[in-house]
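What follows is a set of structures for review.
Next, two complexes with subunit A in common: one pairs it with subunit B, the other with subunit C.
So, the complex of A and B:
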């Protein structure tokens, strides 16, 4: 009898958070200036989901983690060199834009289709993980829509903790208003969990994990299917507006966190 | 806590991914299998499979090598077709070249009597010379400096492009974010490398998340970790240098990639080199990439004897020189960074090979100090080593010192890299005796192909650096210098700004786009990475020496303001701001107690660093 979970993590790259991004109008729609040159990192929300997935898999023998990533193939290859050393997973690559200028619906369609093509996936053991704000401009919609397409009705949004009891019951802590958590129990998979920050730190780089992962990464990239999402897929963007940005740097030493928070809050209010 | 250190065996392990390792892996990987995928170079650790080749790079991505590069690209052109090179992002051909002598429009620059005489002569002949905006465009560029047939690259983009090709081949594995701590020895044989420990405190003490660095054992260790790489340094310390060789000349290159304004007056392919300002000893460059992107920067050599040498402020004064500002006004900083350059050239060449290891690239003394070219030469040395490895592997011969000498070193000695480096070997000696003597010396060396050189005694930087009082004594009374030092120490600030302000340098008017604060450059210029769980890689060998140090050049010269004044007079290091340029390693006025060739600052293997691939 098969044991353990089949954890599918949805996660791809985003431009490094410290970069100043500049939208540009291309022939097929909006995109990011110098997108292919921008340093990219794993979407932090998806990163939490991936680390939580690895934690669940490690605790339940027989489990397996897939990382389903939608992004430009060349950038995905670059990203994998960084994250493949973190935790064991098998990559499922989908070649398409990750500029952020797309609709959660398009992305969900592409990701669900990729998941359905995973040959060894046992849907009865499926835990669908993703970042709660990923690929949806913070709308928290993508994981839900992927879940719907896969027929997963037990869905949890903005989760910070998953525990599994001996009888296989899953308890999920979801963030709700007022700094409170909603604890929900579900009898078992399949279920979809869109993670907030989780509770696990980023694992150290492990060369042996990297080498094991890399055996599957290059073939996965070579057979990546291509999709058209966002403007390429027919989405029309009526207008683009940059958030106001103001940068002020001051060097301080030995200032307590509370004092920093107070000062920042006052600055924002002003 | 019980230490469980894992071990892995491979055929070849490479340390550091830069142009040299890129050349090595590109050449080697092309020879590992045939068109049908059959093994041509068989692995010893996995019989039947191709050679197992691993490469570990400290930076979190394959783009730490921050610099614009102009190169004749002889070696790169031998490895790639013109179409392939044209597909490297930000690459273009050189179309126009200028060398500019920058005069001082402010009057704050420290110019010797000879330089002032040159300036006076230029002023007198202003109408008759191609001079404008306080700058003279040299009417003739010596052949040894010409790059007319060359290419402009972004080194970060070139590294990423090469890395992508290599990883796409599936024949080698390159792992960024994995610093190598040290070589592994069996007697005098290098048998691989040890990766850094993770899950440790700043002082290296294990925490609950301790993960000892893995030992990667290999028949051949390829050391391409650059001028301040920890493995290269340790090999230097263990095996010493060939007689007459030493690494005493350095430079810090501080650079930025900027997006030029539409009316900047420059075109893709334009190359500008400068000298003479902000101080005569500081050299500058401006290379224009396609799409109005440009690489700009300065080099501050170790023979510029200011103990308060700050690359960042000098970079800003350089950019605002009228001759350059007319092009740079309205630009926006896209990335920023700094890197140490090993400026000893062939004289800094260590033992290139030993049992089980070979040195390639800048750390192996490949940079040509006459032409100022290093990337192409580094690539060439990697290619030469790969050709040697292919020959030895096919013949079933081990990677012994003798076999590597007969193949790799022999190829290198017979190549243009070594020939040109030989010509250049004494090209810069004159700078050790003065700026003008250095310029004349370079000209002599270049024009006579190394037959005539200007002499100059080459000593380690710590033997050159004067005290603050001596350097600034003609401008600021000693008592005031001491007061400035005391005031800055109390405020936790470097002294360079106060001393430069007092010496007549105007404050930089920040525009928030190109002229930004040093801290903003750290934020705008790339990404500062300092994952937790790694030990500090910058430490001070003897803190008592630091506490009594009057110069503390490490603070003023630090490219990222990562070394700042600390309690009891001992500088403190902040790993989160370190950009791994390595300038602190040689920018110290005190020798190491046990080794007069080294300084009191130790620069070891560490994680993190700032980088942006747009470099």
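So, the complex of A and C:
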């Protein structure tokens, strides 16, 4: 394909996972303690999707990557200082809460609307990428819902690999039960892929890439439309229950991998 | 309790440790995305590969190992190496780079200052060329120091700066050069070939360097005076990297005692030369070059030590809080479980002192770096303005500058006026537009800020780093200490030593702090503190202002007073007077700049959406921390000044016996001292409040770099 792909990646921020994440009831609904003040990182699954997108774009001249992010503008800006250094992309920012306590439905609606507003987007060349999960809101449904709204019915979930043959046929490996992959072929875009971890490492920072990206990012943040999602958007939370979690952090040094694996296996069995 | 931790007993508390949003406001780079990106980039390297190397024991060798060399490649790949180089040679950051280099050093030293030094050493090697090199020299060495881009087959060049020599030559005294340059061959009409002999001592980056900028003196009547000269690895002769220094600190950087005996063309003389009556006359002596270099490079190590103090806060809080968790009978919800050692007031108060010292140092260091970012353009404009009057450096320039001292002092006064008259504004505008005046004011300030930062941040910083280490108990002095606090302590001693030990900074301050323009500046600072004290009643500004007045008075007094034997007190050789006075000043200068940054945070923080949630606690905490530091700093300055003012009186002085009559000549001092003492009211209450925050502030579950 000579003109390349238009890859739209859905991804936003989550609180840095090393922080203490303590749910609290705020005036506008549930949230995390000090959520705005905690350092944020790109949602790891969205990160995989973004790096895969950049990889596809680099391999197919004429391609372009957009990152569509729904999150608080000020936090998105901060996040961009690291993410913008990793791969080239254009940001489409939607100003609103990125809390983990939202419903995928509202979020998908806002994201789909933002994608529809991208002027240069050629929907016939669209690859819609996102994470198959999120570190803060693991509904695992957002990419599908956005896809549906955009009329994309070829959807692949928990993907780890995308290959493109010379004739433009896309092959996607999706995770299925028992550590197996389901290989599917699709003749070409548009299609939606919700990524698992993919196979690419996180690219190193490159401030030069960052400076180039920033030229578009700052205006994108300035003209971000704002949306109200979750409790602010009218969703009522009848009840809220935390999954029972057990977090035992232990710092070890010089422990061989086998030994660690054995210990973890024993802990799971116990 | 409210959501922000406030109760009727205490005001809102600090919610989280200060993050990037807070730093960007305080250190004034909220609008500089280039800097923000460099921070993220350097942080990823520091807390990734650098921390892993330290955790794996890479520091345990004096040799330049592959593991250490690999870190240089990490610096290259992440933009750290190219950050110091101008875009015209392949760098990517426009304009002066002191501030951005400060940020880089901060991030690297947060984990390991040796790594910071490795990256800084290259900048130091290039600094003589950057400041005084010819256009050809700049093009060649700057471009070669840029990491190869995709598709390029060249290897990157790395440099070392060789000033210090084997004993008994160059150390603190940079005049006793033994390195020599002679004419080896000089064919008619051709570039002379020179022979350089130089034995360096403690030369950083020598394990990796391909070129060296070396200070040498003439050993030949056909060369006039000293110069700095560039040596390359492939020059003919001896290029011996020498033995590695058995350092106790900064082991991630390479330090060796190299020996050079090389033939080089004369166009390697930094800044070029002219030939006069058959004699090669370098355009710049080595002293000219190193002055220009050290003016620009000393803020960086100062910032490193402060970074380490700030990096210690989180590990110490975590250690204290969790100290007893897991013990039989200490169950969740009990104070011992939740707070651990933070139940003890001493643990909290001492950590606040460490924190305050780190903040004040960082504030001073970054302000110095920002000021230096204005310096090059101002210096250039001054040189052009003087050249237009036919003045080209040397004595003529000194004379011309002296003639403008009153104008410069007037500028300082006018620029601090909050409500100037129309005539004053007009006069200010005229002076502002005068490059010579502008230069004099900037130079008088920078020549106090630079040595203050280098002296205080590193000297006092190491002392406070020791405090931080002791707060971790035995763990503090093990390799396993989270945050590598023990190594950060000993590393700090090197930051206090290289690029001019404390004595060099005190010596410089003893001169620059008594210049009329600076003294005028200092008085304006006092006025400013007094004028804003009412708007910021909890910052302890009255205490700082009172201590500054006391220092000012003491300096005036000492500059005229004589000791019991009739000898002048304030003189060049009287280190016992001038050096402690310089120490006292550095305390005050650092604290003054902390105040400025906290006022900025108070002004801009509330409008920041990410901070709004916890702004009251944040601002309250920083105000208290500033108050604490104003009190400590006033205490130090007052103690030093009292010793100087009274200590040189005769032992039989009536004052010693408590005779009130005997105090007449120093009555003003006593009044000022009483004022300082009285102004301390509330400072310990501020400490109690800040301690409350410290015991509640949320910290991450684990440190974000390995141990």
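Definition applied: the second predicted complex is superposed on the first by the 250 of 270 C-alpha atoms of A that agree within 3 Å, B and C clash if a C-alpha of one lies under 4 Å from a C-alpha of the other, contacts with A are read in each partner's own complex, and residues count from 1 in each chain.
We take it that a contact is a pair of C-beta atoms (placed from the backbone, for glycine too) under 8 Å apart; a residue touches a chain by one contact, two chains touch by 3 or more.
All figures in this text were calculated on a predicted structure; none of them were measured in a lab.
Once both complexes are superposed on subunit A, the partners subunit B and subunit C clash.
Applying the stated contact rule after C-alpha superposition, one finds that A:207 touches each of subunit B and subunit C.
Using the contact criterion defined above for the overlaid structures, shared-chain residue A:72 touches subunit C, although it does not reach subunit B.
Of the two partner chains, both subunit B and subunit C are touched by A:39.
By the touch criterion stated above, A:81 is placed in contact with subunit B and with subunit C alike.
Using the contact criterion defined above for the overlaid structures, shared-chain residue A:223 touches neither subunit B nor subunit C, since it reaches no partner. In the superposed model, A:269 lies in contact with neither subunit B nor subunit C. Looking at the shared chain after the overlay, A:26 reaches subunit C, while subunit B stays out of its contact range. Only one of the stretches 37-45, 91-99 or 469-477 belonging to subunit B has C-alpha atoms clashing with subunit C in the superposition, and it is 91-99. Within subunit A, the residues touching subunit B in one complex and subunit C in the other are 16, 18-20, 34, 36-39, 74, 78, 81-82, 85, 204-208, 210-211, 214, 218, 247, 249, 251, 253.
Considering their complex, residues 3, 15-16, 19-21, 33-34, 36-41, 44-45, 55, 77-79, 83, 92-93, 480, 482, 608-614, 698-702, 704, 707 of subunit C touch subunit A. Taken together, the subunit A residues at the contact with subunit C in this complex read 16, 18-20, 22, 24, 26, 33-39, 72-75, 78, 81-82, 84-85, 204-208, 210-211, 214, 218, 247, 249, 251, 253. Interface residues of subunit A facing subunit B in the complex, by the touch rule stated above, are 16-20, 34, 36-39, 74, 77-78, 81-82, 85, 201-202, 204-208, 210-211, 214, 218, 221, 247, 249, 251, 253. Looking at the complex, you find that subunit B touches subunit A at residues 6, 8, 54, 56, 60-63, 89-90, 157, 160, 163-164, 167-168, 170, 173-178, 195, 198-199, 209, 211, 214, 216, 334, 492, 512, 517, 519-520, 523-524, 526-528, 531-533, 561, 611-614.
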